[in-house]
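The two complexes that follow have chain A in common; it is paired with chain B in the first and with chain C in the second.
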Partner chain A sequence: MTAALTETDARRTAPPSDTPVIPPKRRRRRQRAFDEVPRWQIYLPLGLYLLFTLVPFYWMLLFALRPAGSTSLVPWPITFEHFEKVWNERSFGVFFQNSMLVGVATLVTTTLIALAGGYALARFQFRVKNAFMLALLCSQFIPGALMLVPLFEIFRNLSMINSLGSVIIAETVFQLPLSMILISGFIKNVPVSLEEAAWVDGCSRLRAFRAVVLPLLRPGLIAVGSFAFVHSWNHFLFALMFLSEQDKQTIPVGLNTLIGADSVDLGALAAGGVIAAVPVVIVFAFIQKWLITGFSAGAVKG
Partner chain B sequence: MKLTIHRNRRGAAAVALTAVLALTATACGDDGSGGSGDEGSGKGEITFWDNNGGVRTPVWEKIIAEFEKKNPDIDVKYVPIPITDVQSKYDTAIAGGGLPDVGGVGTAYLANMVAQDALEPVGDRIESGALKGKLSEQMAESVRSAAGRGDEMYSVPTSANQGTLWYRTELFEAAGAEPPTTWDGFYAAADKLTDAKKNKFGFTIRGGAGSVAQALDMMYAQSGVDTFWNGDKTTVNDPKNVAALEKYVGLYKKATPEADLNNDFAKMVAQFGQGEIGMLQHNLGSYTDHVKAFGEGKVEGIPLPPSAEGSPRTIVSNPVDGLGLFKSSKNKTAAWKFIEFAASHEMNSLWNQEAGSIPANTDASGDAWISEVKPVKAAMESLNDPGTKVVQLPYYLPDWNNISKADSEPDFQKLLLGEITAKQFADGLAEKLNEAQAEWKQQQ
Partner chain C sequence: MAPAQAAATAVAKTPRGAPGRRRTGSSTPRHLPYLLIAPAGLLMLGFIAYPVISVFYYSLQHYNVTKPWRNGFAGLDNFTRVFTDDPLFRDSLVFSAKWVVTEVSLQLVLGLALALLVNQTFVGRAVARALVFSPWAVSGVLTTTIWMLLYNPSTGVSRYLADAGIGSYGTSVLSDTGTVFWAVVVTELWRGVPFFAILILADLQSVPKDLYEAASVDGAGRLRQFVHITLPHLKDAIILSTLLRAVWEFNNVDLLYTLTGGGPAGVTTTLPLYVANTGIEGHDFGYASALTTVAFVILLFCSILYLRLSKFGGDSR
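Showing the complex of A and B:
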């Protein structure tokens, strides 16, 4: 029988919080120890790590911005010819639009469905809940390539081959299990008593959810949404297989077409790589604060 | 307080069941693959998948525009497919349906597609059409051999590539080295041009993806062994080939950068284009990249030298690119018109000029651009030289790609690192090939 959890049930079923409570004394001692460490011992390893991480990006920018045939280690004189080439001649403008559409649509559908499913997993007890959770976890072990042919047939028979909708559906389906598990973890962290108080005040379940629970889920929604966006933005396989028209292809497929059988235009490839990386960098720059909050708030609790 | 959800369970179950049945029904539909298709009216739209999409898109767009001008009743829908994934794209479409009417098909995966009954035999169409007698016999033979179905052809060859030794003329002049026209000259130049402390190297070796195919090029060219099979046994581990392999991999770290261990063609060509490396062995296809990197005249390409001075040249059959007509096409007449047009003298010449490779249409071999592009001219001359021996690689083996790539490339890296000997590597490769050949023969 399906039943909603009361606060008592929730206390009984919810795992204890993983966030350690540090006594103020110990916290002060830690802060003092941190203050006593010479700055260079912190910044030097961090700087080296940053350098190690940024070198490939510098290399990409170097190839994208310097003229073809140049072997200079600085992008000077700067040229935008590679960007013009990929954007206009190699249709990256169209690919960018398609990728953006797929990314945003996947973000919205994944977040909405995961929110509903995650709420059910967090707040209701039903007979096959554990088996369902196990199935969600197990689905993470199935590689997308294994499902290609059945998915291809299904979309073909639904006349959805060559439609961005097929990619959006496939991406959403593959994103959902993990997203639902993550969201249910966030919802479990919101005390049921808050919702119960809203019900007592006359709210319906939906209204209480919207007014009380949803605002508290912001870090979780941002984490799940950004994962859905970035994953679908970068994903290559479904777009390659389900889209067979040039004006429907996405950035990862476009990038691969810059590598020929026997030759590769490194300048164009690097410029394409920069175009592909920019939205991801922007997304992470804006959301990193919430993302970290989201993870530390018990995002991975089952 | 305990709340129960009021839900119409039967309704939900009915919706779920309907959805499952609908999806199952759609999944069990006719996949359209393997169907016999139709000759069609010769008008309307046909779809063409370019197997080297992106890089060759501009030239295909020109060819398609010309075709549509001459055939206003036919529209060609062009789909560029990245070369790295073309085989899986074809495999998915063969299994799930949705193949094009015409597709670019290389001999490296032709056998796999023929085995899945996806391609229409085109021998009769060639014989009764405008391409009769116009296609290079060497390339036609490669296509027949790769399909492994006797004399039948399953694609129309359009171009071929050939292993070429690229060298930087200015570095050779500065070091006072002779162009590598003999194997002794090659090894001497590799040594002379190397100054590892100054990051200068005589050669760059391919240690990553594609390493085995390239090593076979070098082995057979040096050894002069002119056939891949000796009865049912491969000649890969012939003592002459083993000796040649030993010499070739001996260049690693001595005359090449250490990072070559992971070189695929892109890294190798980029390294050649960026650094101070004297020589590179790669096919004609990278010509445009070299010219872009160094400018005209600063890089030369010559065929791999003969095994000994005065002896005939031995070259390994490089994959031949071609156009396939798909069995499932509903408009084969229009599709064939397009293939004939693309393989015609003018269009085939245009395509190969852009790609820097050898045209399959023999009428194109006398075109002016070929004499201007010296590496292509030299490759054509060596290919057409009656003395040249072409070692036909067994592209017809269904396991050829696995054996020569995934199965053997890690072993080649072990060989470069000195963890196994050249003989152990060659014996291991030979064993796999002999098994695959025996299995293939059994299935015939």
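Showing the complex of A and C:
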């Protein structure tokens, strides 16, 4: 599954084969490296940074789990009243469903369309290729927030205002350029000779792609798909502009409503925040090990 | 067999480069690549290119839904107004520049330090990595939610600090024009540093280990190894990620829109936030389009300048 990545990693990090690694020397080097960085020089800054990272999360959990009006610094006794309140009274149950639908649909459409385009960019020379690549790069400079009004007019003409479809299309379109650049980078890392061997064996291009290339792309596709999901789960402005009916809104819009309420209910706000964070945390835990290898597999440097 | 072998050796020579010209399978139709990019191409034409063109078009028009009697061709009126008669444009541009430069440089320095730190070997490294990277995927609105709880004068951290004798009660950092800048900077740093840390950590792992070994044998200390081996190796990744991040920070409005709304007294209004207010709340779409056009040109110009000055892709390795 991660064969392609481990292969490239091995090629990059392995010492040239004509210099044999002598075990004793290596052990001595390790020993010296160990001596060079005192442990406290690692743990002290790390501990300080962890404090900066984790206290805000803890603060949110604290407000979400302790009873209203409590000033205790420990969420005890634990209460779920705030969660029940936002989920039912503040319609976060509905928002959660909408956000999930938008996230999964964006993931599927972005990955499929970017896979097709990325394959074309990685494996063919064709006339509009350079212009197309330039368009992909330039699109990264376009502020999405500034496209809101023209996009609103387009969706109004298509009668798609207040339909989740408008947000799914907008999210997909703005995810596509980067996803396609990333995927074409991943495909370039798969040697063409593997595909050609399959053609020689009588496979069609599609079959060779599915049998040979696709399995090797899995880590990259997981990374790209997760980005698409997380981005559309998090994104706020499109949903805010295109979905005005309460039962069509998404979690970030619901959170913004809680933030902007006349008297902010901090317990409910924190509980809403936890609900918004949970899927992202799960996705993050799931892709964490692929994130670093995925990027180092040529994604950044193209 | 022969062409396939030739292609294979070509690939072996340039493992990460673009595939050269080669025989495609005879069953492959000529128009296949066009067919493959068609869905992406059509979507981008309809939902990116068309809106961009309409923004350019409207920038030359008076177009305001609340004042329909004035609508019509405006020539360069909107642009004249941007450059000669709009102090808010200048203020928001200055704040944008200050915001982007502060955020990107601090995120880069902290992200680099963090990446070097978690690239060391120590007990609990996997857990430490997962935890320090965790704000990476948090949205602008959720960041606002979390930091509003922290900054809240009656229930936030400042109250507990005041209880312990540090600072004073009732401090609201978000509504004081003197403190609001650093309050939003810290908030954005919280979720922005992991982006750099992840990218730099990924690139650190491709530095050949024998270089450090050789430098160490030659008596170079850790600082000199960092300056002469690590930094040159990271150069391209740093240039590219700072550029991407700068554009992203410039365009990003989620956090400031929800956390301060551009206030207090407009001191945290970035150019895109100003444009959004003009176009969406002020309904002056013609003028907002002119501002958008100017913002886009400034962004593109600065990006090209940055790539030129930093000699991106130069022979630093």
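Quick notes on this one:
One rule holds in what follows: the second predicted complex is superposed on the first by the 255 of 302 C-alpha atoms of A that agree within 3 Å, B and C clash if a C-alpha of one lies under 4 Å from a C-alpha of the other, contacts with A are read in each partner's own complex, and residues count from 1 in each chain.
Basically, contacts are C-beta pairs under 8 Å (C-beta built on N, C-alpha and C of every residue); 3 or more make two chains touch, one makes a residue touch a chain.
None of the values given here were measured: they were computed from a predicted structure.
Considered on the superposed chain A, chain B and chain C are sterically incompatible, since they clash. Legend: residue contacts after superposition of the two complexes on their common chain; A:Ser244 is shown touching chain B, with no touch to chain C. Looking at the shared chain after the overlay, A:Asp265 reaches chain B, while chain C stays out of its contact range. Shared-chain residue A:Phe284: touches chain C; no touch with chain B.
Judged by the touch definition given at the top, the superposed model places A:Ile161 against chain B, while chain C stays out of reach.
When the two structures are aligned on the shared chain, A:Met60 is found in touch with chain C, with no touch to chain B. Of the two partner chains, chain C is the only one that A:Phe132 touches; chain B does not reach it.
Touch criterion met: A:Glu196 reaches chain B and chain C at once.
Considering which of chain B and chain C touches more of chain A, the answer is C. Once the two complexes are laid over each other on the shared chain, residue contacts for A:Tyr49 go to chain C alone; chain B is not touched.
Legend: residue contacts after superposition of the two complexes on their common chain; A:Trp233 is shown touching chain C, with no touch to chain B. Contacts of chain A with chain B, set against its contacts with chain C after fitting on chain A, overlap at residues 71, 124, 148-150, 153-154, 196, 199, 205, 241, 256, 258-259, 264, 266. The residues of chain A lying in touch with chain B in their complex are 1-4, 6, 68-69, 71, 89-90, 124, 148-150, 152-154, 156-158, 161, 196, 199, 205, 240-241, 244-246, 253-254, 256-266. Considering their complex, residues 8-9, 11-13, 15, 19, 29, 32-33, 36-37, 39, 42-43, 45-46, 49-50, 52-57, 59-60, 63, 71, 73, 113-114, 116-117, 119-126, 128-129, 132, 135, 138-151, 153-154, 169-170, 172-174, 176-177, 180, 188-189, 191-193, 196-197, 199-200, 204-205, 230, 233-237, 241, 252, 255-256, 258-259, 264, 266, 269-270, 272-273, 276-277, 280-281, 283-285, 288, 291-296, 298, 300-301 of chain A touch chain C. Per the touch definition, chain B reaches chain A in the complex via residues 1-5, 7, 23, 26-27, 29, 31-32, 47, 49, 52-58, 77-85, 88-89, 92-93, 95-98, 100, 106, 161, 265-266, 269-270, 273-274, 282-289, 292-295. Remark: chain C residues 1, 4, 7-8, 11-12, 15-19, 21-22, 24-25, 27-28, 32-34, 36-37, 39-41, 43-44, 46-52, 54-55, 58, 113-114, 117-118, 120-122, 128-142, 144-150, 152, 155-157, 160, 190, 198-199, 201-203, 205-206, 208-210, 213, 216, 222, 236-237, 240-241, 244, 247, 250-251, 253-254, 257-258, 272-273, 275-276, 279-280, 285, 288, 292, 295-296, 299-300, 303 touch chain A in the complex.
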